[in-house]
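Following are the structures in question.
Both complexes below contain subunit A, partnered by subunit B and then by subunit C.
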Partner chain A sequence: MSQTPILQFERVSKRFGATVAVDDVSVDIAPGEFFALLGPSGCGKTTLMRMAAGFEQPDEGRVLIDGADATDAPPHRRPVNMMFQSYALFPHMSVADNIAFGLKAAGFSREALAARVSEMVRLAQLQGLEKRKPHQLSGGQKQRTALARSLARGTKLLLLDEPLGALDRKLREETQFELMDIQKRLGAAFVVVTHDQDEAMSMADRIAVMRAGKIEQVGAPADIYERPRSRYVAEFIGEINIFAGRASRAGEMLRIEAQDGEIEAPARDGVGDGAPLACAVRPERIRFAPAGEEGANRLAGVVHDVAYRGDHRVFRVRLKSGALARVAAPSALPAPQPGEAATLVFDTAACVVLDA
Partner chain B sequence: MPRGGLTRGRLSALVIPYGWLALFFLAPLALVLKISLSKSIIAQPPYEPAFGASDGLAGWFEKARAFSVAAYRGLGEDPLYLESYLSSLAIAGVSTLFALLIAYPLALAIARSDPRRRSLLIALAVAPFWTSFLIRVYAWIAILKDEGFLNHALMAIGLIDAPLTIYATNVAVVIGIVYSYLPFVVLPIYNSLEKQDAALREAAADLGAGPLATFWKVTLPLSLPGVIAGALLMFIPAVGEFVIPDLLGGSDTIMIGRTMWNDFFENRDWPAASAGAIVLLILLVGPIIWFERRQTKGQGA
Partner chain C sequence: MTSARLPRLATLAFGFAFLYAPIALLVIYSFNASKLVTVWAGFSTRWYASLFSNAALIASAKISLQVAALSAIIATFNGTLAAFALERFGAFRTRGVFVGAIYAPLVIPEVILGLSLLLIFVALGVDRGFWTIVAGHATFTMCFAAVVIRARLAGMDRSLEEAAMDLGAGPVMTFARVVLPQLAPALVSAWMLAFILSLDDLVIASFTSGPGSTTLPMRIYSQVRLGVTPEINAMSSLLLAAVGLALFISAIAGRRHES
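Then we have the complex of A and B:
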């Protein structure tokens, strides 16, 4: 990245008593990027974001905003705005006054303020609601008011704490697209904290998967999905089948002796004979092999049950070891019935080799 | 209430509080109202008409015809009552103002302290209630009188040369009222501050407001219901306060409680004192109604 990152964490750590909330995290976020901090609750993603906003001070490390050290700057002096999970709308102020709050603090003139407020009202589609108080708004309207308020100051870096968490499912999907659209139009960097992998996958340019205060992997959604670097990431993002066993080199390949059969996996550097490894395969990369077909990566089992998902079906197949493997196949293909024997097959390239 | 009508449980839940109010609030109030409409006589009781249980309903109506508003007219003609009302309102108002200035920072400090220590701090704020009210007011005499602790201390540190005359003045009355009613003001303010979502302050800071601006624009406006509740909780009883002005005030301290006491016990003019009480009630009900209206409007319900 040649540009100065809009937000940088440099070896940042934060402890609360004996708990390490954030553990030596370094990550750069580029201007205009849509970045997601993804992880289960308690993984430190919210603490990390609160350190960017200035609500928490790191015990170690530095936070840089637009190249300038902001580690010790109080929240009201940071060129950053945040959309709160609870929205934190001022209950005694109208929608318009909520949006104008940050503009007044920035010393906008009366005309500039009115113009900016109406611009934000239009951006967030809040026309006609300007005089309403927060308790007179629906959940979606509150969410859009909070967004408008946090964007009003024209920040280049917006932090969003579970921005869709309080919305119902249908509204959430619509709002995802709205957020992406607004982010593209304004060109500001958005950093979203979420525990919802679908949300992160569909919105973000890059995702940081966090676990126990550390970032496990940073990458584009497809990267993280196709090439997870650890079992944790593989299992956190989407569904995946893990076949673990002792590995041995076999020319260009690795051979993994899994309980359910022998697996051929792409080679990986620095693997000694007998090392415990795992082959991770996404359900949609597994097919049912036609009877009589021969080749590598074939696992025999019995179809346990089938879930119909419209465009595809998800099969759970009981393998030799007793484990249930997931297979996702287009609904248009002929499908085995529960109770029938089936052979699973996948390409060597579909297997991601991970430490067991 | 759902349409199901009154079940027995619901009925008893209503009867108990309303019965209590009727028995201990409305009935005495009706008595006072009745006496205020009677005429003062030298007798026992010192007013007429006096109702007896033997009169029957018809007899009561007959006697009620003798009601007059003479006592109320008397209030208007007696400058002492007007002066007492004004002086009481002024003393209670000034006291409430000072109490708010002390109580707000106190409540804020408690509300922002470590959650584990808050209940202890609140307990300390109401700790004076564990000692008799009368003893605490007497203690103020020892503090405020000319050779009292306060004057000794001030002279010892060389701040004053001669003792200040505080005891037996309106200043002493204000000090006594502020001291006595302070917990009633602290509690509702603390309650409204403690309920405030800390995220609101963070949002204000995030939007560029410094600590002071955040206080004026967010914390204070959102705590106003608590401030008003605390102020009313103090102001209303303080207007009718009798003990504190009697013990700490001077001969020129005029408050309505004392004036009514004089009419009851010195002049034995029960109708005048009762009329005084009814007028005071009307004066005080006004602010309460205003506050209630404001509360319901604020909730937008």
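Then we have the complex of A and C:
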């Protein structure tokens, strides 16, 4: 049951001068897992990845690869490969030579090398481009060459630094699926560094949300989206409405006195009366209440504007406090017009209780 | 548009004449039939023929070429080491001092450099000759080589080296297969520059040479003091052709690499 993790960070810290890039991070990544390190630039996600590759040494803590301590191993002695954000293709080598580079370093025989290169060329759909130099390739072709090169050695752990960052939007989505497909086929663990939450959400089995050198939360995408553990995570992933106020216990419920109205939230342990708490609700969990309907979690406001998104519409509603709440509703449903008064309603269960 | 063309062309012509007329004159007079350098007496290649029978001049040319080739190799090697130290060892504390120390010889008067080299050779009791010129030239051309190589190194994507290491290449393979091919055009330029600077140098060679090791510029200079002969013109023309060819080749090499 308990497999040896392919990659482990044990209380790892890294400082650059006075700035702490990575601060006491511990996380395990399982074999074959698609793992995303997600955070804004400067949160330490790239440094963490570079420590796994061996380009940075942690000041404290250990890095274990496949159960073995690799903290002090140089990059060329680690059973890890990395795909660089800039792709770092060798400009003086053809596509085939780029892919073959790691195989030559590993001492492959001529036949084995040729076979492996053509296998990788097929995997990355680079047929016919083997003799081209990197400057003769399109962005997508460069990306696939870099991927093929980093996978050629048959690594069980691939690190990908912003793998889709340099691609345009349409290509990015296609490539997402390609990456997921290749990862499943090879069964290798992929660790992706990204600042793009959509990318992380759609590709990864698990996401670690990072902030200022620390991991704020690790979990499956749905977990992180539905049950964020802090305001930071809630606001970083997708859109969310925050209603903050003083809390009091009311039987099985919590009652939060927000500026925009009284909110009923699921109970949470260890909450004293009068503690400042916030209720976080995703826009798609809020709907417009029909006139005359009674119940809890009702907030009155005036529709400020509407953005049409095809299958759904996003409303911004000005509440009593002056704050704008976001509501996402299917386009097919009847909805108020901008300027009209509206009552927002959401289930108690839709509210995630967070520290204010 | 067209009215501005004539003055522009004239300016251009004047500018280039200023730069190249003396050189052109030298080349033209190397084909002069007359023994007098300033009187044109018809076309002739006799001075080239007599040049090749002038054993002393040819010997000096040989020495100059050997000194230039050898000192350029040493300068390129040392310059590469210096460039790596300054560019790849991070911002170590005394880096500024080292940058200054490497680049200072670019502006130190040659006479002073030559004199100090002479003093140290005398102090060390080294017999002056071929190898002291090589050492002297390697010393001052190294700085130029370091500048050229460092510029290329600074422009190189470090992630290329990281990618090579990540793919299992040790430091030696990374250097040989990735860094060196990237650096090659700069190494060629640095060598070429050091070669030409050495070939051209009179001052430092004068201080560091000994009996039997007279370089071409020294030979030309000493002969000119006795009067300019058309042979010297011919020699200088050949030198110009050689340098021009070297520059042409390095330019072609540079362009081939870019594409």
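Just so it is clear, the second predicted complex is superposed on the first by the 355 of 356 C-alpha atoms of A that agree within 3 Å, B and C clash if a C-alpha of one lies under 4 Å from a C-alpha of the other, contacts with A are read in each partner's own complex, and residues count from 1 in each chain.
Going forward, a contact is a pair of C-beta atoms (placed from the backbone, for glycine too) under 8 Å apart; a residue touches a chain by one contact, two chains touch by 3 or more.
Remember, predicted model here, so these are calculated numbers, not experimental data.
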| item | value |
| --- | --- |
| Simultaneous placement of subunit C and subunit B on subunit A, clash or fit | clash |
| First, second, both or neither for A:Gly187, with subunit B first and subunit C second | neither |
| Touched partner set for A:Ser86, first subunit B, second subunit C, both or neither | both |
| Which of subunit B and subunit C A:Gln136 touches, first, second, both or neither | first |
| Partner chain(s) touched by A:Pro290 [first = subunit B, second = subunit C, both, neither] | neither |
| First (subunit B), second (subunit C), both or neither touched by A:Gly128 | neither |
| First (subunit B), second (subunit C), both or neither touched by A:Gly310 | neither |
| Where subunit A meets both subunit C and subunit B, residue numbers | 53-55, 74-76, 80-82, 84, 86, 88-92, 101-102, 105-106, 149-150, 153 |
| Sites on subunit A touched by subunit B in the complex | 53-55, 74-76, 80-82, 84, 86, 88-92, 101-102, 105-106, 133, 135-136, 149-150, 153 |
| Residue numbers on subunit C that touch subunit A, as the complex places them | 157, 159-160, 162-170, 173-174, 177-178, 181-182 |
| Contacting residues of subunit A [partner subunit C, same complex] | 53-55, 74-76, 80-82, 84-86, 88-92, 101-102, 105-106, 149-150, 153 |
| Interfacial residue positions of subunit B with respect to subunit A in the complex | 197, 199-200, 202-210, 213, 217-218, 221-222, 300 |
